[in-house]
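Next up, some structures in structure tokens.
Here chain A shows up in two complexes: once beside chain B, once beside chain C.
Showing the complex of A and B:
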């Protein structure tokens, strides 16, 4: 269990005309080498902002990292300048995005885009670079690498574009791959292919994966650790078993109850209301206005993370050791 | 059960180039019964939305018929034309695109009433308030514009607009896709409650099979412009006959890590070829793990394999 990346008390704000949006309000977590960690949550909860902050890709302004640390290899990435970050991005940490159409350059051939990565991050002699590019293309499961190398993104289908993006990410030999909703735009059969590919890569190359998704089913299928985010905070984290079999936070339970389960035909019980406005987040726990078990203290003081069994952490007053009614 | 909508040999070809034709809907025949929720699932580009739009007359079919309660809806010069819109409505996928940003919620809903109720002024105001309440929105919000609402609230407005003319049949075209999980459940429950109250019939288009399983009575699976399997929900999930259905069902991610690791996924090779150049034989043969020689030669027809269970496959 070696730590690969550790995020400490990350706070991020966005300046808007209406006020400052507190997108991340103190996010801390560790990623373990060779593991798949999933970040789940609804849109706007800060999943993507977390990933972008790790990569220092936040658009600033309007974004602004207020405080916190991102420790990778013993160094704080947030203190690095743009030139140093460019060495890391695409090298030891790579990222793939949801929208292949906007993240691949439509005017360059796939091969050229992969070679770009190799030119910046690889020590290989120039003669071997093309060989390496073809290698990563076939690692990403694309048929006929020579052909794909010469094609433009628009000549590929949606699933193939996502594979091309994965090939680009692999070219730098990353130790951490951040995947931001990599299958959201894909059909379910193609999604199954891409998830299988990511799992193979983790096994064969030992790459750690930080997977951002809104789909609890995907998280359950691929991740060994799961973090649940709500309104800019991690409200619960633990092994996939902890989260899906023994959820501790009312929000996690609410989410699981609001998706249909195979073989059960009861009425769904949605979480009432909607996520809070992060310009004026509620005092206390951000979830209390929607929580069926909210107590007086929930409205006044934000809960601290409590450790349940093992690495299972829940950020809720109900799990506090002095709480009257243990969840 | 009584047939409400009959779809007969429906075809819709789009001309996309000088010699290119896209066969978006390619000879589809099935019935929708009164009071049921029929799920229509399939990959993007398989023709689900096109089919839905033909049924509510947003598209004209290339050939074939849609018969609503005995009336051929596409017959030109039919005196029922406007009246038919009162019976059939549609709720669209993207609530950010399907509501006019320059009209208030009240105007959006009221417009439908204006067209169909021939000017009873006081009536309209009351009706808008009633509709807003029906879909779970506060009547005080009727003066707000779409951008002031969240995604879930907008979808409620779109549903209220569809309900304004008191339809019997609503085509729901991926009404949940743009929404978050906790909000999806709210809208699903709303649709289910409305169906009970108003005896609605739904055609529920979706790519989310777990949701379709939850809400629908029968499910039709589409692939490349054709219905490849049609059965009751339980029958389809327990005994899928078509290899495509089998693969799709196995690929649904389940929110349970134990189920996920033990169940074996069928991973299909390749992707759906586009509907421009359909090869002879079954459209699925290039990806099918069980394809035989005859699958490449003749296309299978949708036929009843068991009571109420239809499939288009040589092997089942």
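Showing the complex of A and C:
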């Protein structure tokens, strides 16, 4: 188990007219080489901000990385300057985005957009670059690479556009691929195909994948490790088995209870309330106002991460060693 | 006059009907390339006919005529002149005669200046106007796009404020006042540039500045706002995520998308430069077509008014066609006709 990326106590704020939004409040995690890690949580919990901070792509202002470390390959990315970051972006770390329709430049051919990556990151001789571009297009599962190479994004379907995005990401030969809701804009069958493709690529190329999604089903299907985020913090992390079969945090349990199951007779039980205001986050645990098992201490002090079995970590007072073990 | 006005009315209604009819037809989708251009040429011809008719009508409705002057001509001479230029024919006959000549490419003689035909006036005047106009267009496009981009990239910093303040001035000062100001400062006070006439490059500086000020300001504001919009789009973030350099992102990814509104504006831009040149050419005593046009109206030089109007209209239509073609070249999503390209 070698660590590819390790994020330590990352804090990110956004300046708005209403005040400072504390988007990330000390996020820490490790990514293991060659694994798929999913980050799940509802919108606004800081999933995308985490991804963008790793790449240092946060729009600053309004965003601001307050503190923390992002260690990739033994080096802290947050200390690197723009020029050094440009070598890493698209090279050893690539990213694919959610909005397939707007994430490709409409005025440039797909081939041109892939070639840009190669011109920046590849040391292949010029003559072989096009060959390589065609190769990544077919690796991304697009039929007729020569044709796609010459096409503009608007001539491709939604699923094909996402494949073109993936081809672009693969061109730099990344060791870490960050996928920010890669299937949200696609319909279900295409979703399945794209996920299959990502898994295939992980197996064949040994690329680690950081998958950001709000869809627990996707996380369950593809990820070996899952992190659950709530209000700018990771509240629970563990193997997919830990999270889905033995959830430790009331929020994770709430999420799992909100999924409709085939043949289910009872009403769905959603999590009551809404996510907290991150300009004035609650003093104690961010989840206590919505938590059915909240205790007095939950309002007073933020819980620390507790290790359950193996790498299963939960951030909840209920799992504290002095608490009644009755969750 | 009443019989004449009926004829006019009928001619006018007829040509408008034809024109509208053609427009309904031209908006058909899925044309072949050839079909598209043919249709477009035909619509333009009909539009020109409409323009001729309207101009002809209005021209004859304005009191006075080419030979009305403060010194009253003897009746016999006036009648002879009118005879010579067919001005005493009924109007429909004049109109028909003009159209027939027009079809043969003959715009007729000038009524005011003997030995000059409208064709020769256009041949002499247009190159001068075209040179001045091109200079102004090149200046306003390059300066406007540059200034707009800079102020977008330096939003809310001094560069942005400087550009936007200057743009507001350029936008709100009419060209004739600017022309006078420029003349006063550079020709009269500083004596570094000539104040009028045409020929040497120094003589082109002031009129070009006066003519380009407004479009430059407009383009700068246009580019600034669309650049700010484009820079927020997802594909710019994608470009950053690919590790492209900032200059590459601006020049290859943002600018081509940000100048699309400028391409749209270039139709009206050319029109603005044309109409602006009427005034500017007049002030700087430049022997261009614009000055001829202004003079012909005060002179009631019927054939020159008509001829220059037709010429300008045809020119504008051609320019609009070119703008549409540029549009396809920049934005591959736009389609005017079915082409075989993938």
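Convention: the second predicted complex is superposed on the first by the 325 of 327 C-alpha atoms of A that agree within 3 Å, B and C clash if a C-alpha of one lies under 4 Å from a C-alpha of the other, contacts with A are read in each partner's own complex, and residues count from 1 in each chain.
Keep this in mind: a contact is a pair of C-beta atoms (placed from the backbone, for glycine too) under 8 Å apart; a residue touches a chain by one contact, two chains touch by 3 or more.
As the structure is a prediction and not an experimental result, all values here were calculated from the model.
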item	value
Partner chain in contact with A:106 - chain B first, chain C second, else both or neither	second
Touch count on chain A, higher of chain B and chain C	B
On chain A, the residue positions that both chain B and chain C contact, one per complex	none
In the complex with chain B, residue positions of chain A that touch it	42-43, 157-160, 187-193, 195-196, 214-218, 220-222, 240-241, 244-245, 254-262, 265, 267-272, 274-275
Chain C residues touching chain A - in the complex, by the definition given at the top	233-235, 237-246, 248, 252-253, 256-257, 330-333, 342
Of all residues in chain A, those that touch chain C in their complex	55, 57, 82, 85-91, 94-95, 97, 99, 102-108, 116-117, 120-121, 147, 150-152, 154-155, 165, 168, 172
Residues of chain B touching chain A in the complex	43-44, 150, 152, 180-186, 188-189, 192, 207, 209-211, 213-214, 237, 247-248, 250-261, 265, 267-268, 271-272
